[in-house]
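Okay, so chain A shows up in both of these, paired with chain B first and chain C after.
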Partner chain A sequence: MPRSTYQRLLGLIGKLAVVLILGFLVLPAVVVTIAAFNDKAILSFPPQAWSWRWFAKAIAYQDFRDGFRNGLIVTAWSSTIALVIGAMFAFALHRYRFRFKKTLEAVLLSPLVIPHFTVGLGFLILAAQIGWNRSYAVVIACHVVLVLPFVLRSVYVSLRNLDQSYERAAASLGASPLRVLVTITLPLLVPGLVSGWLFAAMLSFNEFTASLFVTAQRTQTLPVAMYNYVREFADPSMAALSVMYIAATAALIVFANAYLGLGKVLNIEQSR
Partner chain B sequence: MNKAADRGAKAPHGSIAPHAEGAVRFDAVTKRFGETTALDGVSVSIRQGEFMTLLGPSGCGKTTLLNLAAGFLGPDSGEILIAGERMNDVPTYQREIGMMFQNYALFPHMNVAGNVAYGLKVRGVSRQERDRRVEAVLALVRLTGFEDRTPRQLSGGQQQRVALARALVINPTVLLLDEPFSALDKNLRASMQVELREIQRKLNVTTIFVTHDQSEALSLSDRVAVMSEGRIRQLGTPEQIYRQPCDRFVASFVGDSNVLRGRLHSIDGTSAVIAVGIARVKVPREPLKDVAVSAAVDLFARPEHLVLTEATQPCATSGTIAAHVYQGGYVDTYIGCSDSLRDRLLVRSGGHETMARWPIGSLVGISIVTGEGVAFA
Partner chain C sequence: MNPQPFLRTFTAPAVLCAFGFLLALAAVLQFSLRAYVPGSLDPGGFTLANFTDLLKPLYARVFFDTVVICFLTAVSTLIVGYPLAYALVRTQSAVIKSILLVIVVTPLFLGEVVRTYSWIIVLGNNGFINSVLLNVGIIRQPIQFMFTTFGVVVALVHVTMPVMVIMLAAGLSHIDRDYQRAAESLGAGPIRVFLTVTLPLSMPGVVAGVTTAFAWTFSAFATPQLIGGGRVNMISNLVYQLGFSSFNFPFAASLCVAGLALTIVVLSALRLVARPLENIGPH
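Entry: the complex of A and B
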């Protein structure tokens, strides 16, 4: 049966292609993970002996500890602020018709197309003018601008997926608009709000380009600290740190999947 | 009420029954969405305790009218009154309405008791009183013991009963139903309809029911308003709507009908007679009052008002049997007939002997029951 053989061959090639593509996708993570357990001080590949010591070193390194702490502070503030602002704008854009709506939308989403270094540079110049260039405020403000479009989209999509009849039903039962918002709309939006916040948090925590401009030694976030480290040293503690990054992010996604549903968290549910 | 009033979607002010008596009243209500006119000067008054159905195809304005009653939309002109009070500027949450939605809209983050108690909680009803009323209304819809279930754990019929309980527990002035049966399968639908009607009668709650399903409208309603293109075409009891449709649209939309070519044979002060073949069929005079005798008219006859006879006998018309559709209690027979305005005639007859007597392809005569059809020029 020549046709069957041909088909089988085609299927085999297809499977091989898929495996290769998937392999290519995870290759960097695999290489870094192997390097992280390398006993040697130089980033050599493949490793000769295995060890946990780079993990210990990365955790013990003061700049990384500070960077981690700074990153958490900046992330918590910026994604929370962005969530509140983004949710309010998403509401306005979804629920009301007004003049300059398109303009407002374009401005709110503009950080998507403006390069991060431009945003960072802008904030640096601004902060230097008013003498705030060493404060957390400027880093947080910068991150809010960068993650706002993502939060906005996430909440906007959740709002579009929210069936209007829930709110109408509540209103018909006598609930005032504020009561509807608090008892119906917000509880039903929780997955969208959480996913928006998580997404913003991941972006903010990993943000490097703009952070490089606006952070000082005292406020530098983890990616900036890593960059400064790699400029001077070349040992696998960077790789160890990366592995911890990957593990933490994966844990976060697994958690989000278990408690909120991954589809909702990534906002890939289809619109009605 | 006389017939003119019943059909009086556009009746002038004050000419008919006193307006104040309606539990819900729409007075010359117009609503536009951009270029399209969804409602065009609709006036209708719904009596206390009445079950009023708004029937029509999609886009006829029936849902818009319901949304205006609920306050989800505001009219461009005209007035909406509930219990004699002008509602135009009253927001939904102050209107004392109960509404059932097409998808039930049960709050997914609350259990059954939470859903039903919502309207009471909003009104600041005490916990004890709340529990008592939730229990009573759940008993009414036969859902006692389901308090702790979430909407997701309920079947379609149960969800619907929760939605009904939630709407009724607040003792609404008016109950608004937006195609509540459309998501149910046929058997469940029939039993839910009976149940809803029983409860509605028991509580004597004024009800506005929106549907595009004409059989649902006929079986449930005290009165039906047939709508199309933003207007009420006819307002009357189900029997009036079915037996004396006021125009071609109503005659075609409600129930099955055959359209036969005929001539106006005679007309007097009370009725008209249509000639189809040798048959003479008495019809209402009203739609034909401006038509000259012997002018061509179209006779609308229900499938159960056509009778199959031997082709040899002289009768109204004749045709060839195209198909029998056995429906259990009756048989639908489709007949190719040159006098029909549509391609086929539908004759509904009881018993399956019809199928044995006239096999497919055989020639049959068709006679018409007099006094049951309507005709339009």
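Entry: the complex of A and C
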């Protein structure tokens, strides 16, 4: 039948398009991996000889080491603070009515569309005025604001998917609101909380533009250190670091997908 | 019994956070209205001079270029992202779905610097594409991708892809498949079903995706800075240059304020244009 040949052809074209687009998405990662194992300091394709030495150099480079450590400090604090603030607010947002609810929600979600350089400049000026510039506090505060929308969304989605009859059952059996919250609601929310925290941590660790404004030499995070390196040097150490970065990130995403179900977290499961 | 236990406790930290953020934005607004004192980090008295300076052709040009780059990026990302979002939502295989998800989502968390650096290696004169084309003999001279708007847009499309696909997929996944089945049973072919049923019903996702891609591109700094190399400038690059090369923070702040106003105007216009499209769906 001509109809089915036609449909098969369409399906084939569709699949080809998807494969090409996936190729576009992974091309930089593949190319940077080839470059990282190239023995020569100058970029050349295909490489003449292979080596691990750029990995050793990247790991030994002091600015990368400091940036990694500073990044971990900033990320640990900011993602945890954002998780606590975001989870509590998502709960209030989902369950309660209160004054200025919409306004407060809009303000806290606005960092999604406000350019990071504007947020960074704002925190820089603010910090300079109260003498906090060069401190971790301003970097952490800035990151909390930037990652909060992602925690809010993640926790809100799991609150919406939560079956409230468990909570009502506990309450009707005489459990206090606090007891219901701690023994029923919180355990049921764990996947949403973990994914919200994981997203917040990964975004904070990789945040660059605002960090460039609010970090000082002493508090420089890894993306800022990498940016400075790319501007000054051209050897493949940066490629080696990128490969480690890509591998670690992909591993975390695979983990998140296996244990938390990314489709559910991102709210993209087919409804019917 | 209190019907809303913990209300105060749960909203107080969020209020504090919102307050701090608004203070930071207010600081930008305040600085944008202050005079620049050369050689000093402290601003002078109140003035509107920063905003009148913005009208100079040099700055107007950067604003224009920024909007063009954001628009090109958002539209290209939509065209490239749609098939992927469609495949992600409609595939029956859990394995393919997982693979697609991981490939789409991972770049979101790689950060702008790693991705921009990777694109420099792909697009540079000694880079991957030029080396391959030279070796195969298709070209004799390397093609200049670096320092061009094309190169910047290609890298920016890659940067905004994950969020676009996620937004489109969210829109597509909430479409009731019965509409499609009804059209099919009435004899509509696959292209007709897509154009008259699926595409119109996915408009909310399209609008959300384009809006977010536009805003994210506007926010990009490392990509235009490193791939544009000073020859392709966006507002972000100008803000950084003014702030950290000439310490003219008041003028940098006025650029931020004008940029924010521009984003709001463009996004509102987009919403307005898209409203009739969003209402195509079932009532």
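In this section, the second predicted complex is superposed on the first by the 241 of 272 C-alpha atoms of A that agree within 3 Å, B and C clash if a C-alpha of one lies under 4 Å from a C-alpha of the other, contacts with A are read in each partner's own complex, and residues count from 1 in each chain.
Basically, contacts are C-beta pairs under 8 Å (C-beta built on N, C-alpha and C of every residue); 3 or more make two chains touch, one makes a residue touch a chain.
Every value quoted in this text rests on a predicted model; they were computed, and no experiment measured them.
Room for both chain B and chain C is found when the two structures are superposed via chain A, with no clash between them. Comparing chain B with chain C, the partner in contact with more residues of chain A is C.
After the chain A superposition, the centres of chain B and chain C are separated by 100° when viewed from the C-alpha centre of chain A, nearest 10. Shared-chain residue A:Asp163: touches chain B; no touch with chain C.
After overlaying the two complexes on the shared chain, residue contacts for A:Ala141 are found with chain C alone; chain B is out of touch.
With both structures placed on the common chain, the touch criterion links A:Ala247 to neither chain B nor chain C. Once chain A of one complex is fitted onto chain A of the other, the partner contacts of A:Leu173 are limited to chain B, with no touch recorded for chain C. Once chain A of one complex is fitted onto chain A of the other, the partner contacts of A:Leu188 are limited to chain B, with no touch recorded for chain C. In the superposition on chain A, A:Leu9 contacts neither chain B nor chain C. Least inter-chain distance for chain B and chain C in the combined superposition, rounded to the nearest angstrom, is 6, based on C-alpha atoms. On chain A, the surface touched by chain B in one complex and the surface touched by chain C in the other have residues 177 in common. The part of chain A that touches chain C in the complex is made up of residues 3, 6-7, 10, 14-15, 17-18, 21-22, 24-29, 31-32, 34-35, 42-46, 84-86, 88-89, 91-92, 95-98, 104, 107-108, 110-119, 121-126, 128-129, 141-142, 144-145, 148, 177-178, 181, 199, 202-203, 205-209, 212-213, 223, 226-227, 230-231, 238-239, 242, 245-246, 249-250, 252-254, 257, 262-263, 266-272. Chain A meets chain B in the complex at residues 163, 165-166, 168-177, 179-180, 183-184, 187-188.
Listed in rising order, the residues of chain C touching chain A in the complex are 2, 4-7, 9-11, 13-15, 17-18, 20-28, 31, 41, 80-81, 83-84, 86-90, 97-98, 100-107, 109-115, 117-122, 124, 126-128, 131-132, 135, 158, 161, 166, 169-170, 172-178, 189-191, 211-212, 215, 218-222, 226, 235-236, 239-240, 243, 249, 252-253, 256, 259-260, 263, 267.
By the touch criterion given at the top, residues 70-72, 91-99, 101-103, 105, 107-109, 118-119, 122-123, 166-167, 170, 176 of chain B touch chain A in their complex.
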